[in-house]
Each structure stands twice: as C-alpha cells, then as structure tokens.
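Two complexes come next, and they have one chain in common, chain A, joined by chain B in the first and chain C in the second.
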Partner chain A sequence: MKPRDNLMTYQSKTKARLHAINVLQQRNSRSKLWGLGVFLTMSVAMGVSSILVGNVIKFSKANILLSSKQPLLVPILVNGVLLSLYLALLASAGISKEYDKGTLETLMVGPVDEISFVIGNFLAHLKVFGLTLLAALGWSYLCIWLLNFSPRPDIIALLFANLFMASELIAFGVLTAVWGGKTKNALIYFILIILFLSGIQLANSVVASIVQIENAHVGNSLILVRNVLTTTNRFIQWISPYSQVRYAMQSILDQRYFAYLLSMGLMVLQTALLLIGSVLSLKKKGVRGIV
Partner chain B sequence: MTIPGFNKIKTNVILALVILMFTLPSGTTNAQTPDNLEFVYGTNHFNGATYSSTMVPPSIDTMYLIANETSMVAARFTEVYYWQITNEYKANWDKANINVDGTLEILRNKSVIQNVSRSEYVIQYDYFDKFGTIKLSLGAEAIAARKDFESKQAQYRDDLHNYYQKLNAYQEEFQAALAKLQHGEITEDQMPQPPIPLKDLSIFSTDLLWGYPINLPPGEYTIRLRLPDGTIQPDSEKHLIVFENLQEGIGYNISAEERWNKPIQSDEESEVVYSLKSKTLYIQPVHQKQYNQLFYSRMNNSQNTTASRDQKIWVPFKEAKEYTLKVSCKNQTTQIQMQDYFVKQQAGSKLGYDIIPFDPGNMDKATFTAFKYSNTEDADVCCWVCLDSHGNEVPKSQREFRILRTERNQSIYLISAFPIIIGLGAAFLRKRQVRKIKVSDGG
Partner chain C sequence: MKTGLTVETKNLTKRYGNFTAVNHLNLDIKAGESYGFLGPNGAGKTTTLMMLLGILKPTEGEVRISGELVSSDAFNTKGLIGFVPENQSFYEEMSAWEYLMFFAKLYQTERPKERGQEILEHLDLWAWRDVLISGYSNGMKRKLGFARATIHSPDLLVLDEPIAGLDPLGIIQIRELLMAEQERGCTLLISSHILSEVEKTVNRVGIISKGKMVWQDTMENLQQWVTEKQHITITLSSVDNEIIAGFRSLPFVQEVISEGNSLCLVMDQAGDYREDISRFILQKNLILLEMKEEKTTLEEAFVNITENNVQDLTGETER
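The block that comes next holds the complex of A and B.
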C-alpha cells in the first residue's frame, strides 16, 4: 500500500471514529436529558446548596456581620460534587449494562471501536454536566442578585473547576465500568473507592477542626489521628478530584492563578489517564468482559 | 500446712523491703540529683511585634526564628522536668539557671558561616506604645540603656518621695486654710493648690541578660555551641529554620454596635464584608503580617505539636491609628476620622450599654479607638479604604462592603424547584411524542 493510501485510510478511519463518538454522545446525552433523574438530582443539589446559603444568611443575621471571600464557595462545590457523582454513577451503570445485556458486542461489530465507545460515553455525560453547570450558573447569579452577594467573576472560575472535577469523576466511572464488567461489580468498585477517598478527606477535615490550636495540647490522642490522616490526605489529595477542585477553588479566591491552573492541569491529566486506562482495559478484556 | 521457718523468712523479707524502701531515693519524681542538670536553649525572640521567649529542651531538635530581625538565644544549664498537665518539658529556673559561655556556631550546608559571641542585652519599651517603642540593645549600648533605666527609676523614686512630701504639706495647709476660710479670714482664691501629680514611669526594662544575638536571612541552618575548651557542648546542635512573613497588610476588626465586644476579622482585600441594613459599625484597622502557622507557633513554643505546616496565620502587630477611612458609596464619598469611644454600662439589673465618645475630662480611659460608620444610606454596595496623612490610599486596606438582603432568603429555595419542573415538562413531552408514534403505527 502506498503512503498516500495509508493516509487516506487513516483519515477515513478517524472520520468514522469521530462520527461514532458524536453519534454515541448524542444518543446517550439525549437519553439522560429525556429522563427525570438528572433534573431531580439538579433540584436536590440546588436544594442542598440553598440550605447552605440559607445557613450563611442565618449566621449573618445573628452576628450582624460576615466577612467572606465567596459565600457561594461551599454551595457551588456541594452542587458540583452531587451532580458529578450522580453522572459518574450513571456513566458506570450505563456502560456496565451494555456488558450485561451484550449490546456492547453488537456495537463493536459496527463502526464503534474501543476508543469511540469510551470517549463517546464520557463526552455524553460531560455534556449533561455542562448543561447542569449552566443551571448552576443561573442559580448562583440569582442568589447574588437576590441576596446582594458580590458578583465576582471568580464564580465562573469556580464552576469551571467543577467541570474538570466532573470530567475526572466521569472518566473514573467509565473505568470502573470497564474494569468491573458487570453492573453490580462496577458500582461496588466505584462506590467503595469514592467512599474511601472522600472518607479520608472528611475525617481529616473533621479531626483537624476538633484539634484546634487554641484548645489542644500534646496529650490529646486525636493529634496522632490527625497527623496520620493529614499524611494520608497529603498523598490522596494528588489523586482525589475533590481535593483538586477544593484546592483550585481556594486558589482562585486567594488569587493564586498559577496554583489554580496547576490543579486544573492535574485534573485534565488524570482524566486522560483514566480514559486511556479504560480504553486499554476494554481492549484487554474484550466486549464480553473476559480477559 | 506451713513450711517450717517460712514465717521467719517472710518476716525477714518484709523487713528487708521496708529498709530498702527507706534507703532508695524518694520516688521517680525526685530522681534527679542537683548535679543532674541539662543543657537547654532559651530564646528572647522577635515575634513580629514584640519579644517572646521559649525554652528548647534537649528533646526538641528544631528551632524557628524570624528572618532579618535580631533575636537572642541563651545557652543554659537547668533542671528539666516533665509536666504532665500540659505534657511538656519545663525548666526549673529557680533551681539552676547557669549561663554557658562559648561561641555559637551557625552552619549552612555543613560549613560554619558565622561565629557568634555571647553578648549582654536588654529589652526596653514604653507601656503606652509597646509596639512602637520596643527595642533590643546589645553590648555596651545595653549596659548604657540599663544604666539609663536605673537612673530614671531612681529619679522617679526621688520625685515620688518629693511628691508625697508636697502632698502631705498640701493636706496640712489645706486643713489650716479650710479653717481660715470658714472663719472668713481668706477667700476661696487664696486656698492652697495641690501639687501636680507625677507622671508614671512607663518604661519597662529587662535586667541585663546574656545571650547570643542571631540575625539571619531566610533559610535553614544548624547551630551548635563550641565551648572555650574547643569541644562541642552535647545537646547543643539544633536545626534552625529562619523564616520571613508571607505577606503584610491591613486587617480590620469590625464590631456592630449591638455586639461591640464580638468583632469579626477581615484579613485580606479579597474578603467582602457583609452587614445588615441600618447598623452602626466600629472599624478598627491593624497592621498585620502573615506567617506559616507551624513556623510561627513553634517559634513561640518549641514543643507545640498542634500547628500545621500547610496553614497560614495572620499576626496583628500594631494598631493603625494614623489613618482616616474613606467610604465610597455610589457617587458619595465620606471621610471618617478615628475616635476614642467609651462603653458605658446602663444602670439597673437589665443588661445594656451605650457607646459614647470618650471625654478625657469625665472618663478614666477610652474603651476602644475606631472609625464609626453608620450604613443608614440607601446604597447597598460601598467600598472603604484607609488614607494616610498625605491622602494616599494605604495598600491592601481596601474592602468591599455590602448590605445583605436577608428578607429575600426564602426565594432561593423556590429556585431549586425549577429543574424538576423542567424535567417533568420534558417527561410529559416525551410521553406525548411516544403516544403519537404509537398512533401512527396503528394507522
């Protein structure tokens, strides 16, 4: 075969793959948007965020004063975490169902290969998250207008950080689905790993807040626990999307733009690694999930 | 059944134990003999605002000091004991406080970069302006400063003696004059005048102390004490971290009139201050520096184990009384002068107080000094900034100030219902579309 023919084959292959990705992401995202689940989760996430904002207002009313860099920081973070977790779970469950039902085998017979399948599914869920982000942006600006919060452009940066966190979580959901094979296994892997990561971080924050400098002394047994959790967390924060998004958000509020970009870059890198891992795992396991 | 002679053996054993008990030192708490002293470092270090001290026991291997400021490190022998209440090692200075002479070697990358000799020093300040007047004097200057303080102290003693003598004389004269006044022999104008009260000696001075002055740029070093015989004092080698402040700026302590002694802090320009409508606020600016929490806390207490390396701490070091506050709301700009205020408790059993301007004629001491700002204007977004004596804006003193619309709080819960309404609409539309497909299939 001549080099020109090789190039044409490559171009047509890429075209076919892009087409397959586009079709897959459209089909999947549309099916998610026609369902009630995404909207229900959005309402729940906004409800929880509203409670958090209400709490800030309640505190301010009681104390008359409040000094804050961004009172919407935690509500936006919680909103993003809830929605991205839901979509990552959906991604994991959706792909593993294709395994369970054997539809993946049918798909692979056609123009869909491992790359287009993984990327298509990933983009479908990311697209849905992007739409929920637009709703979150609207919600944030309504809160700003209603309560007279400061309309700082950092809100956009905070939401943008959520998008990168969601992409990492969705990619992770895709990987657990490919890795776990059956829906049950995939969901168990996903939930256990997420619980472990968030559990360590939550425990670290709780213990760190209990062991305050002012009232702690060296005999406090929790200090050892805090130090162990802090050390563990120091490693986990490099791989946890929650830590990265929190760090990115704090960096933007502290006007440390390089640190913000660094966190975002790290999330992009991890997303890419997770997606590559998914593709390789799918290639290795095959469409029937047998190694 | 008893073994023959067992009781005798038992009695002897008990007797031996009792004798042993009385001959042994009385318990582990007093196990150290007077000669059993340990080498420690004691610091008198600059903490960003004033001088603090800490003791560095042999168990601690790292010391922390602020960069480019002179701090004193003293080498001593003392009795070190463990204090269970705080789980810390303490020094029994009363028992032994022996200065160790030698040369303090400062090393960087294992090579000596400085040899520091022991020096006399004093720390002095004026009570009325501690942060502005605190001074560390070394060597001959320290001796002169201490001598000066002692002479001022002696002068004050003499002046006080003279004052009380004058006061006694005045009281006698006053009684005599009062009798004359009652008899109409003199008028009120002729009554004797009391002596002018003596101003307090507001200067504080430490004794003349011995220590090794350290003033280093930021970095990591090692220190050790070389004794006059050329050997290194055991336990004297420590890792030394010299750090600088991360940033400097103006912080604010802001209190609402209703909660005057519960201020909130605003440390950075990126923080927005929110309040409620029609409230009076008292704003106190302070100069402050930001440090690494672990470094700063361990500098002040070498045995601190609760501070965290990845946290930061703002340390206020001086009240910023020299500024005026410029408040800009919409198109209106006002300048507020700092004023002294007095908190007057209301009479009766009901709790209450009034904050009134301080009147030196009728009040002893001002409760606080602050800018008073009442947000009675329509504007719900303002900005304030400190101005120096030339009218220039002080860097990092700007804050955005907003009035929260708390009455609209409930509306935000309603917004949460929008997505589910849209979702239900989408589901309804889909159902209709599916139904249409079925009809066409049947047709």
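The block that comes next holds the complex of A and C.
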C-alpha cells in the first residue's frame, strides 16, 4: 500500500470512528436523561449543598463573621462529588449491561470498534454531567443573588475542576465495566476499589492522629504502620480525583493558578490512561468475554 | 444493483484448550451468492460466523471479506454487513422505530425513514413501531432483528438459525425479504441445522460436522446425490442369513439393511428393479408380504452426511 493510500485509509477510519462515537454518545446520553435517576441525584446533591450554605449563613450570623473567603466552593464541590460518583456508577452499570445482554455484540458487528464504543459511552456520561454542571451554575448564581455574595470567577474555575474530576471517575467506571463484564461484578469492583482507597485515607488520618496525640508512648510498630499508610496515601492522593479537585479548590482560594492547572493536567492524564486501559482490556477480553 | 461481498476463509481454526470447535475450515462464497451453512447442533457453525464477523479471533487461519482481513476497525466492510444472530438482544427501553433509526444513523443509511417504513410494513410491524420493544413478543423481536440487519441494505447478510421461533406467516415474510435482498445482489450466508429451512433460499451448501467441512456443493448437486440411490423395502414371511446373502448377491443391489422380517435394498437409480426383485423372490419360494419404494429426503441425506457415510473434504472418513 502506498503512503498516500495509508493516509486515506487512516482518514476514512477516523471519520467513521468519529461518526460512531457521535451516534453512540447521543443515544446513551439521551437514554440517561430519560431516566429519573440523574434528576433525583441532582436534587439530592443540590439539597445537600443548600444545607451546607445554610450552615455557613447561620455560623456567620452567630459569630458576625464569614467563615470562608468563598462560601459557595464547598457546596459546589460536594454537589460535583455526588453527581460524578453517581454518573461513574451509571457508566459502569450501563456498559456492563451491554455485555450482559449481548447488545455490545450487535454493535460491534456493525461499524463500531472498541475505541468508538468506549469513547462514545464515556462522552455520553460526561455530557450528562456537563448538563448537571449548568444546573449547579444556575444554583450558584441564585445563591449569589439571594444571599448577596460577591460573584467571583472562582466558582467557574471550580466547576471546571469538577468536570475533570467527573471525567476521571467516569473513565474509572468504564474500566470497571470492561473488567467486570457482568453488571454485578462491575459494580462490586467499582465499590470495592473506591472503599479500599477511601479506607486507606481514613486509616492514615486515624493512625496519624493517634501518633500525634500519644507522641511519647507509641511503639515502633505503630510508627511503621503510620509510615506505610502515609506513603500509600501520598500515592493515592496523586491518583484520587477527589484529592486533586480538593487541591484545585485550595489553589483557587490561595490564587496559585499554576497549581490549579497542574491538577487539571493530572486529571486529564489519568482519564486518558483509564480510557486507554479500557480499550485495551476490551480488545483483550473480547465482546463475549472470550477471544 | 449491488455487487455483494465475497467471503473467504483459509484454514480457519478455533480451539478452546484441547477442544477444536472449528478445524481448518475453507470457505469460498462468491459475491451475490446465497450460501447455506449447515450442520448439526454443536458442529461449529456459530463459532465460524463469529470469526467471520470479527467477534471471535481465530486460533489459526484467516478470514477475508471482499479481500479485506476482518478486524474490529474495518469500518467500511463492517458497515456493509447485516447480521441476525440466533439469540437476539435489543435496547428494550426503546421503541422499535427509535431502535431502527438508531441503527440507520449508525450505518449512515440513505433515506432512513422511507427504508424503515418499507421494512416494518413488509414485516407487519408498522402499526407497532411506537411500542417499546419490551412489549414485543419473541416472534416480533425476531422480525425486528431482521429489520435492523437489513435497514442499511447490506451487501452481505449473515443469518444464524434465521426462522427459529417464527410463525408460518413470519417465515414467508422473512423468505420474501431474503429473496428481495438477493435479487438486489446481496450475498446471503444462512446458517442452520435444518436443511429444509434453507432449501428454498440457497443455491450452494456447505455442510460442517465436528468443526470440519464434510460437503460443499450446489443445492442441485446435493439433491441429485440424494436421489441417485433408490431404496426398496420388502417384508417377507421369514428372513434368515441365507436370504440376506442371496439379495446381496444380486448385481444391482449395493447394500441390504435388515430389520426383523423387513429388508431395505439400496440400489442405484439406473433402472426399475422391482420386476427383478419379484422374480428372485419367486425363484427362492419366498412369501412376499409387502414391497414399497422409500424416497430419501434431504433431511435424511443431511443426517447421513453429518453422521457417518461421507468422506469429508480433507480426505478423512468421519465414522
């Protein structure tokens, strides 16, 4: 084949792949928006965020001072965390259901390959999250208007950080779906990994506080446990989208914009790695779980 | 008029551990041809189809569709194939119309609405187009599977046990749809374990048994092969080994199968031997109770081919 033919084949494949991605993401996002789940989770997330804002107001009235430079950031973060977790679970369950039911086979017989399937599903969930972000933006500006807060660009910056956090979590959901194959397995993998990572972070803070309080009386073994947990926790903080978005939020508050961009970059990189992993796993595992 | 796609496999093999599901299979299906891929349950038909469609990777050998190696990113080729699997799965939360339009868009079908209406009307599903697929009966779902597979007017239509679960009217509708596709030049590959199911639709058959191709010829030649031997069953008042040996010694008798007092005489189709048989019975002073000619059906021939009597194409005898 001549180099020119190679280029044409590549171009035509890319065009066909983009078309498949677009059709798949449209169908999947539409089916998610037809369900009540997204709207229910969005309502719960906004309810929780509103309670948090209410608490800030109560505290400010009681102490005659504002407890935070930007009182809306934490509620927006909580809103993003809840919705991204829900959409990641939805991605994991939705894709593994395609495996379970055999609809994946029907798709892959046609003009769909592993890349277009993974990216199409990923984009569909990210698109839904993007729509919930618009609602969160509306909610934020309603709070600003009602409570007379100052409209700062920090909110937009945090909403962007939320989008990157969600993208990483959704990509993680896609990967667990491909690993699990069956819906039940995929959800178990997803929940166990999240619990394991959160458990280490929790254990680290508990052990660290014990060591700090009982400083003079702790044994070597507890110090060793603390050191192992601290090292593991440092690694988890690098890969955890929640840690990254918290770091991004702190960077916004401290006006450290390079650190903010670094967090975003890290989340993009991790999302890309998770998606590549999903495509390779799907290729290796095959549509029927056997190749 | 379409050109149709060709299908070619070379030494196609699929092994699962020590078990060989498909064993060095060579298929050569021409453009526009209607090919019946037959074999008993577990012969390796579906595994072969899955390899043809790029769903399973062959352990050995290769598959080419119109010269292009089958792979998951062969978008151009895959976009020209329609597939009706044996066990179909649907997005049950969608209506039939939404489902069809989704696939029409995926396959970049020209005039999708007109095409969708044409197919659904032909399959008597037009009135049900806005009903959710979850509310469809199994037969309706099977028809919808055909509609999905043909919405983009494919150049190669692969069907796995296509009429299973359909009522007689549904079978006729599907047969008409297949004939219309074939007239347009589409290549048909129909896999089935029932010969009569494909008899009216295909013009060439390949019979697979235990993963190996044991017969590949035109439908005409298969029918000729089936009818080239005649079977006459005679019932006598008593039968012993001497009588059986006497019948075996007749020059036109190729085989004698005995069952109680009945003897099945297998002969070539060169002539009518009933008179010769009657004469032999008289000579031996035997009492004839019944004589009848048995016609071999295609189904019986199919069983014979797949179970024991035929040398497979690799030269080994399957016994």
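By our rule, the second predicted complex is superposed on the first by the 255 of 291 C-alpha atoms of A that agree within 3 Å, B and C clash if a C-alpha of one lies under 4 Å from a C-alpha of the other, contacts with A are read in each partner's own complex, and residues count from 1 in each chain.
Throughout what follows, contacts are C-beta pairs under 8 Å (C-beta built on N, C-alpha and C of every residue); 3 or more make two chains touch, one makes a residue touch a chain.
Being a predicted model, the structure only gives us computed values, none of them experimental.
Asker: Check whether A:Ile57 is in contact with chain B, with chain C, with both or with neither, and answer first, second, both or neither.
Answerer: first
Asker: Which partner, once the models are overlaid, touches more of chain A's residues, chain C or chain B?
Answerer: Comparing touch counts on chain A for chain B and chain C gives B.
Asker: Figure out whether A:Leu33 sits in contact with chain B (first) or chain C (second), or with both, or with neither.
Answerer: The answer is first: A:Leu33 touches chain B but not chain C.
Asker: Could you say whether A:Ala20 touches chain B, chain C, both of them, or neither, answering first, second, both or neither?
Answerer: second
Asker: Once the two structures are superposed, pull the chain A residues common to the chain B and chain C interfaces.
Answerer: Of chain A, residues 34 contact chain B in one complex and chain C in the other.
Asker: Considering the complex alone, what residue numbers of chain C touch chain A?
Answerer: Contact set of chain C toward chain A: 16, 50, 53-57, 72-73, 75-76, 78-79, 81, 83, 85, 87-91, 93-94, 102-103, 105-108, 148.
Asker: In the complex of these two chains, what residues of chain B are touching chain A?
Answerer: Counting only chain B, the residues touching chain A are 84, 86-88, 254-256, 258-259, 262, 264-266, 268, 270-276, 279, 281, 293, 297, 303-308, 380-381, 400, 402-406, 408-409, 411-413, 415-420, 422-424, 426-427, 430.
Asker: If you look only at chain A, which of its residues touch chain B in the complex?
Answerer: Going by the criterion above, the answer is residues 33-36, 38-40, 42-43, 46-47, 49-50, 53-54, 57-58, 60-61, 63-69, 71, 135, 139, 142-143, 146-150, 208, 211-213, 216-220, 223, 230, 253-255.
Asker: So in the complex, the part of chain A that touches chain C is made up of which residues?
Answerer: 12-13, 16-17, 19-20, 23-24, 27, 31, 34, 101-103, 105-115, 283, 286-288, 290-291
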